[in-house]
């Protein structure tokens, strides 16, 4: 495993789905940054399961215990460590997965890589549950970025092929408050249709995926360290560490590849004595470095691989095809819960990059 | 800048477009690996300019001089260093860019970040020319991977909205030899249409972009180190270090986000006593770890930002809008030349990941 | 802070002396390595305080709780995390240190670096208590090294100027069992004299320091990655992370600098068809790489800076000289308790270096 | 090999003694720092051979060619790369060393590690010649530190057991100008005696070693990142990457281990409204962080392992003891030439640590 991330800050994520606890350490954080635990908890609750029809009924209390690094509400310069105890674990639910890997999951690849020693219960360290400590780290970074005027918000732009209307925020001057505080879309009606698709998939014992757009405003121009520490590289490395992410583009991204240069290039303008671009197809990044415009990226989340429908797998011991029925609890769509996780990942990457600008 | 990449191997890329030389060092390579300079040169020639109607007429000889790390045709364990001298440089072509940044380029962001001290000539360290040393490193890694039975090939799947037919190789059992050795597409006719679009754009003083699919076969199951050292994260970090890349997905990627789980999951099968998947929508990666299937990813390349058409920019000194006409030499489409660069990036990322499996 | 160490393994140490808990995460460890908790506890007890006249009466139970990474007694490939709760903390003991820094401690430098936000209680993250998580990581690495035939043992060679007799083990073929299992010296009588010096210092409200020799046997030739990943560099980086270490040399080290080359060079011999050296002045390392001989290094530990004698300090707020009397509990000599810590540091560095040889 | 160093800056050293060139890349350097090539050359000349009776008659011109990263005398933000061509190489001098390793050299360990593929000529990448690129990087860092008021100077305190008088500079307020500009000692007479010992060793076909004290003044308090990024750890990692270094201590170091705490602790004082310490036994570092006093460390350099006297080695192919006579050119004492190398290493480590303080 290499569950560490960062250049100036050093994030280390640990834990397994049904182990004693999950958690994280965050080193390299300057001293004197304020920490608001209540704000953090509200952020963590957005990721927590059991809140709605589209999420797993498993009830987890994602309430972190901070073990170090914070004194009297401020970072003290020492590494921050926090854990979340696992409760209501049912290792027995997963007994058969060691021999019969779930399609779309890491069961098989972990079996090969770790030679059968991996923690198979609930996906072990590969579980989506490990995004909770990522959200602890990211929730803190969000707070510290907010102090510098950087605001990050993600929202669902598509689920099961149903697009939000409009399909995205205004990239030149986004109003992040337009995102619905419940189901994070711009258009409540479109959101309803998405939830219907989720409900249908659930009824079919199936699942759906979707797209998430993430926008960060207020980042000054000049952040990012090309070639390989550019903003795209930094964000991509951490975003692809989130289970179920299979696609990522910046600004107009894939769509831009069929435009002409004269259409794709963002003309420069002067606005209140500041250099800006007329539109923002680049997603706020030129040459790996922020240009002062909103940073925009879109993430493709695959449909939850855990479905209750029978699937074709193999018995690893007998090397025979076998039908698999997955029991237990799972989300028919993880996209809504992934929204704060994407924000967290973005916050960590951006805060880390900005640390070199101090 | 952070022009270093890698975990077990350490790649460092240096140079500016119009400086004395560009080059790279590659540390952490095992001793005793054979190096075939002729094979490397053939690979580098695929990236070199001046070969066809779609590329810049600037003639560069991308012939590397190896300074260290190779003795009698084998790696000696010491860091490998190689340089390519810059010839035919015309710094004067770029004199005005320091005040009037080119849209779509790093001119403005570099100006802000480096306070005017950046090497503005030809984009300096941001130039696409810096992909030549990347190809030296990647070309070597390709050779060493070939020794282990890993083969990597990329090809154009779309230029200016024109798709190749078929739109991609067979992901379960690709025949990499189907890629045309000249213009790297599967269908020569489709390739002709793409070249026509490039020619049209050129005639208009404009440019086009496209999509590149990259496939690696022969990687054993078990390579990759999640959470943040998973194969997607490793490949993404280096691929996004290539200028003009704005999108990346793995396997069915963005398209998969609108499927249902039962459609997207790859059922396991047994084939000649080996566990495989029936299809390969995952792109050969589950949980960040290779599953033994071909590794597949697609890259979105934006249209060349350098176009000769007049564009709107600003004078940074006068803070006024200004029309910019870019002179000099540039590709109307860099996608064909980017193909080997994507292969190089993939080879470096995969070789680095496999080093931990020794 | 940068409390992370390692290249292939990634160690992260966290916690403050009087915080909720101290602990560590250890990432990058292969799956399937056995973990013996009892053996680990015996090792940790060697570092724990409250065992003898020479150590602080503060009673800490250094019993780690493992949160992740170990399943059924074996590593599972996921990061290992362990914590030790802090009990019997008395933050009030240290109230005055924020304004009046203790000589020889990090109080003043932390105040400057962290701007007053540091956790001043008990030295916070700078406390010797943070060597407990280091010993968790190192104790595990010791077990895994033992499986490969590598044995590590450290012992006191000098305290307060009193040398052990003989002053060191035989470097060519050391019998590590000669080290006394109680007070870790070779000659019990010499050990008694050292303890008398410790007792005298204690009676005077003062403290003493000493030297520790560490030997690792069974390391195969060929381990270490010069120039900057050589064995000396790797060991030095982690050993100098231990509070109170101010000197380190390898083999004959400082003494060798006054010899002639003909005296200092170790002649090669052939012994049972193996290349060895006749003596081992190099400490088993040539050019940063192990040569198959025992690896030997010596560490200089300064006298405990916490003494109860009045000392001259300053009031930082009033910028005036002030007499300081330190209350609370402290060791008159930390050298005996530092012995397992040095072993732990060596084990981590050696195991990390050997991971590249897999 | 792992010939890369640094956290914020990334140094990569490459080359072999008798290869085409040696060199370095230095990434992560802020843009806009002035570079004085003449000052750098004067610094490099201090390390260059062929200047005096105590050094090898091999004439090398250590004149670097800068390939990138510097424009019009200032750093441009892009990686700096520089090379020195190797001339006057005589690979034939070393033909027999592959089978019969030189005692005290890396010949044997390299043979084991690199399986015979290493570049054996002149020690290859293990050669002391590789300290030249280290001095390019360090010489630049020295210039940039000087701009910030940090001055670094090293001097010989002992050769062959002959001490300088006084044995060291005043650690609280050193006058670095007292160091002789020729043979870098404080007392020219003591220097003469050292040179006589070198001459005697040379006449005997033998060699001698010595001690070097290095002092850095003007470092602000608060630099260094414990636990493992503390100043001692940072300096130790790079200093132990210099061939022939076998010992290192900080401040009073080894000697301090026999003092009492009340003697060893440095009392705080107030001097011109600044907190200082009365003496400086800590070498300016408390808890891994600078305290504003001069940073002081001492390095033990072993006698040159290359001696012309016959020595006992073995034939690796025949596994028999064999007498070895080393031909070719070598220094009877490398200590004088190591002085600027130690300064360079210190400058790199300190500059890197200070980059986090921006």
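For clarity, chains are labelled A, B, C and D in written order, and residue numbers in each chain start from 1.
Operating definition for what follows: a residue touches a chain if its C-beta (ideal position, glycine included) is under 8 Å from a C-beta of that chain, and two chains touch if they have at least 3 such contacts.
All values reported here derive from a predicted model rather than from experimental measurement.
Any chain bridging chain B and chain C, meaning touching each of them, is among A, D; the list is complete. Summarising the inter-chain layout, the chain whose CA centre lies farthest from the centre of chain C is B. Chain geometry summary: the mean Cα position of chain A and that of chain C are 39 Å apart. Remark: chain C and chain D have CA centroids separated by 26 Å (rounded to whole angstrom).
Multi-chain contact residues, meaning those touching two or more other chains, occur in chain B at positions 1-4, 13, 28, 110, 113, 125, 225. Within the complex, the chain D residues that touch chain C are 1-5, 7, 13, 101, 103-106, 108-110, 112-113, 125-126, 130, 158, 160-161, 201, 204, 206-211, 221-230, 232-234, 236-238, 240-243, 245-254, 256-270, 273, 275, 277-278, 282-283, 286-292, 300-307, 309, 311-314, 316, 319-321.
Interface residues of chain C, counted against chain A in their complex, comprise 1-4, 10, 12-16, 19-23, 25, 27-28, 31-32, 65-69, 71, 74-81, 83, 110, 113-119, 124-125.
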